[in-house]
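Here is the structure we will look at.
For reference, chains read A, B, C and D in written order, and residue numbers begin at 1 within each chain.
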Amino acid sequence: MRSMQFSMPKACAALCLVLSAFSGSLAEPILGDQQAAGVRALLPPRDVQAMDTPRDGGLSLTIRWQPPSGEEAGLLGYRIYRADSPNWEFRLVGQVDRNTMEYQNIPNDSIKVQMGKEYYYKVAAYDSLGEAMSEAVGPVKSRPTWFDIHRLPILVAIVLFFGSVLVFFRITKRGKGLFIRRIAGIAAMEEAVGRATELGRPVLYVPGIMDVDNIQTIASMVILVDVAKLAAQYDVPIIVPLNRAFVVPMAEESVRQGFLNAGRPDSYDPDNVRYLSDEQFAFTAGVNGIMVREKTAAHFFLGAFFAESLILSEMGFSTGAIQIAGTANIHQLPFFVVACDYTLIGEEFYAATAYISKDPQLLGPLKGADFMKVVIMALLVVGSLLELFGVHWLTGLLTLS
Amino acid sequence: MDFLWLTIAAAATLAIFSFLYKDNPFYKFAEHLFVGIASGYVVVIEYYNVFRPNLWDPLTAGSDFWLIIPLILGIFMFTRFFSRIAWLSRWSMAVIIGTYSGLAVIGFTEGDLLNQVRASLVPLISTEAAKKLASDPGLFTFLDFMSNPLLVIGFICILIYFFFSKEHQGTYGSLAKIGTGLLMIGFGAGYGYTVMTRMALLFDRLFFLCSDWLHLI
Amino acid sequence: MADDKQSWLNRMANLDKRWVFLCILLAVGFPLFFPIGLPMRPSQPVKDFYEVLQALPDGSMILLSGDYDPGTKAELYPQNVAILQQACKKHMKVVAIALWPTGPPMLERAFNEVAVGQYGYKYGVDYVNLGFKEGREAVMVEMGRSIRHAFPRDFYGTPISQIPLMDKVENYNSFPVLIDISAGYPGTKEFVQYTQGRFNITLLSAAPAVSVPEFSAYYQSRQISGMLTGIAGGAEYEALIGHPALSARAMDGISFGHLVIILFILLGNVFHFLGKRTSA
Amino acid sequence: MKRQIPLLITFFFGIFMIIQYFIPHHGVNEWGGRFQGWTIIVLAFAYVLGVANVLRISLEKVYRKEADWPFKLVTCISLVLMMGIGLVEGVGEDTFFVRRLYNQLYVPMGATMYSTLAFFIASAAYRAFRIRTWHAALLAVTAMLVMIGRIPIGQGIWSGFPRLSDWIMFEGPNMVGQRAILIGAALGAISTGLKMVFGIERSYLGSGD
């Protein structure tokens, strides 16, 4: 039964092709044959229009039509024909079912559209006996679009954001607007390293499990410089286990830089930056081993974490270490919040670098993001009030298509 | 033969579970076996699904000579192992980082920033929900009525929490506190919801051991 | 005496976690032998998922992305099977891809079990498994332009041009709906960010419970049109399509696991506060 | 030179990916597709590089007879066997590679690794959900409400639990919280992305010339 349904349309199409071939030409309407056979005539589609497909790359045309007037119970669908001139032979481009009133002549069709060339189209309604062809419409030619106006809001948002970042660069460089509110997790970093020093045990820094093309890993590398500096100042070892080979040179560089910034480049021990394994759980097991065997006393989990977040922080808790976590992977935040002493939530994690270093290069983007938040809050207030009074233009402005 | 392989699978399963009691050689064996298998598997799949169809076949068939560029960049990756020319691998990394950073700027702006803000522009009070609450006062009609104000006001409170240029003090600080509370509710919900995922995984393994392997059920 | 009580409370408050482990094992394992068969009430995201698919005309073509691995199969494989049940009942043609290297064999297993085994689907005519492609977001965006360019061959190495089903496939526009079975990264979040709005796609997500809280924001904004919410969502969905199977079977054990955790949270607090009071 | 060229490459590819979004022109689109195709290939090499690293580091440990070296040997042997069998045999459904090695070794081990999380999530709940502050109270109470609302037993206790849990998740506080974090994280990601494209952030290049 199933296979019947699948093959029905094909059988009909084949039948139509045979019939139309019999009548002489693929393109000729065979109205006459039907009338001669005494069958009620199938009418052609109405209001056929051919146009350049809007907002496209310039290789497609769109054909639209209305169903034939009157009751068309036997109508199976429509066929679309094309020719370079209204008097030339029209060739079949494609066909659609009876419920579709639009066809796009796209690059995937066997008969493709060339940019800038003129074409004429006809649309035929067909049933099991034959087809009724519309008049030719055209000429129509396709043009490429150079800017998709519907995507303007995205461009505005990016330009606004990046523009504000650049403006705040200039302001912060002049030493103004440097204030950042206290972020508990970051303020506690020194406390954690200090605690490790008191106990005479190492610090552990895990920069997540993603590669260097992940933005969180990169942010984590910048924070690592500062944590390594703290460790160097307090003279405790810092162990950095890694699960991506590419991150190794970056992490080595960051730790070395941190020791250099603290004025103790000679204390840097390259053996403490360790590649463990690319495999998520093998890596997790390796880090667990370090926590248990080397009795690390301060744990930093800063970067992109996944399911291992809970195992690491649970294990870390059982060793009695003070733990600070930070990630923008929202799905893992609950576990860090529950199992760690401090957690940097989402954007706080990105803000950490700027907070610690007060470097204008890092403060600029942070202040730019704050500016965007003000814009969003204003949008929310205005938008929700406008919507309340049934005014939708702001929502419309932000809608892409 | 089937039973033998099932037993191997079951032994591997039990070896990994044994870690929960404490670290032991069986677990270590299973863990290292797993690393090897997983890594080997990826190489095979990359070869048949990416390297052959996307690079080697079109290149050798002569249908796309541009592919010589990614081939060279791919080989550059391996210069990491030779410190004298290791800098060449930066070129390959630059392609990856450039492409993904560019894509990310668009992806986050459209998917998260713009669409999420737009979806939050709801009428502060939904008249429909208000009518329902008036006609049928109850917990759930009240909660439905609260959805919109909570969305707008709660959203602003959390944004205030994430605003870094002002200290959390006074009324402003209280708003940020409300924001933190909402975040905590979200985290609690996240934790509670995730329990299901973890339990499902465990159930699956127990089912495998008791049913597929031992046919106890 | 007070000391005894104090130390007992302390011991309970800092119970060796292996006792907790044992309780969980027993709670989840017990219903295996004594199944109860608890009823499921479909929630809104699951209903939406079902209805979006149900509203499509019979015989439609759908795109299915199997982005999961053995580690998450417990929740997602039953969903995969159930999705195919609904799709096959409606004689839909299924084009499957994977952005996780571990996805294709999972998809294949589900196809063999449901599409081939129960509905007599033919490979290349009714369904196709295009296999895995490295590249994550880049593949997603590239598929918006040309799927055959991103996937020149299927999982078994057959060129796309030799697969009849692929004749009509150009890009996302060739499909009324995209279903993503998403275990993590890359997955539904990336499909939302990189393709849903950009190519105007109706996106359905089969997600593990761990992802659902985050996806709730996308669901509310309709960037995701429907969602299978973890294994409970899977069980609800199975009830909707009238095919209680893998997910439903797991729900008993999972329910008991939940109860034990709730009990532990309560007990943890009781011991904590009693301990504090005695010491004070 | 060794730093300038990578910066230029990053800028070129990054900016192309951005403008491509706004320009539907088929020429731009085609090149965008080509560049994405290249990235797919280069990334595949990166993956193989990761595997090569696993092999290299394991072998080093075996060679130097470091702690646990016999296990490292297990990794190397299983890796080579898995790879060899797969490359020779292919990935069809009836191969030894898929039927045995994937389905009966990889699948059960991967699934079990993950399933151990069921135990950790329970032990963390036991010790960490102690109501010491009002934050902790919110956390614990919501977690319990959501859990009870998600299981059929909860529905048996009070029919409103599932609806309450759904409201918290999909309309109420959870959804609002997730949305705000999403937007905050998006701002962080966009600004970092732009910094990379414009070469302001270049730590990924490491130091040196």
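As a working rule, a residue touches a chain if its C-beta (ideal position, glycine included) is under 8 Å from a C-beta of that chain, and two chains touch if they have at least 3 such contacts.
From a predicted model like this one, the values you see are computed outputs, not experimental measurements.
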Chain pair showing more contacts of the two, A-D and A-C: A-D
Distance-to-centre winner among chains (Cα means, whole assembly as reference): B
Distance from chain D to chain C - Cα centre to Cα centre, in angstrom: 16
Between chain C and chain A, distance of the C-alpha-averaged centres to the nearest whole Å: 20
Whole-Å separation of chain centres (CA-atom averages), chain B against chain D: 5
Set of chain D residues in contact with two or more other chains: 18, 21, 29, 36-37, 39-40, 43-44, 46-47, 49-51, 54, 90-91, 102, 106-111, 113-121, 123, 125, 127, 129, 139-140, 143-144, 147, 150, 169, 171, 174-175, 178-179, 181-185, 187, 189-190, 192-194, 196, 204
Two or more partner chains touched - positions in chain B: 19-20, 31-32, 34-35, 38-39, 41-42, 45-46, 48-50, 54, 80, 93, 96-97, 99-101, 103-106, 108-110, 112-113, 115-120, 155, 159, 162, 183-184, 186-191, 193-196, 199, 201-202, 204-205
Multi-chain contact sites of chain C, meaning residues that touch two or more partners: 17, 21, 24-25, 28, 71-74, 102, 104, 133-135, 138, 141, 155, 157, 197-198, 209-210, 212-214, 217, 220, 230, 232, 254, 257-258, 261
Touch-based graph of the chains, sorted into line, ring, star, complete or other: complete
Parts of chain B lying in touch with chain D, wherever the complex brings them together: 5-6, 8-10, 12-13, 16-17, 19-20, 28-51, 54-55, 66-67, 69-71, 73-75, 77-78, 80-81, 87, 90-106, 108-109, 112-113, 116-117, 119-120, 139-140, 143-144, 146-147, 150-151, 154-155, 158-159, 162, 179-196, 198-199, 201-202, 204-205, 208
Contacting residues of chain D [partner chain C, same complex]: 21, 29, 32-33, 36-37, 39-40, 43-44, 47, 90-93, 98, 102-103, 106-111, 113-115, 118-119, 121-123, 125-127, 129-131, 140, 143-144, 147-148, 150-153, 155-156, 162, 166, 169-171, 174-175, 178-179, 182
Footprint of chain B on chain D - complex, ascending: 2-3, 5-7, 9-18, 21, 34-52, 54-56, 68, 71-72, 74-83, 86-87, 90-91, 97, 100-102, 104-121, 125, 134-136, 138-147, 150, 160, 163-164, 167-169, 171-187, 189-190, 192-194, 196-197, 204-205, 208-209
Complex contact set, residues of chain C against chain B: 18, 21, 24-25, 28-29, 32-33, 71-75, 101-102, 104, 131-135, 137-138, 141, 151-153, 155, 157, 190, 192-194, 196-198, 208-210, 212-214, 217, 220-223, 230-232, 249-250, 253-254, 257-258, 261
Chain B partner contacts - residues on chain A that touch it in the complex: 153-154, 157-158, 177, 179-183, 212-213, 215, 245-246, 277-279, 281-282, 285, 289, 292, 330-331, 333-335, 337-338, 345-348, 351, 355, 366-367, 370, 373-374, 376-377, 379-381, 383-388, 394-395, 398-400
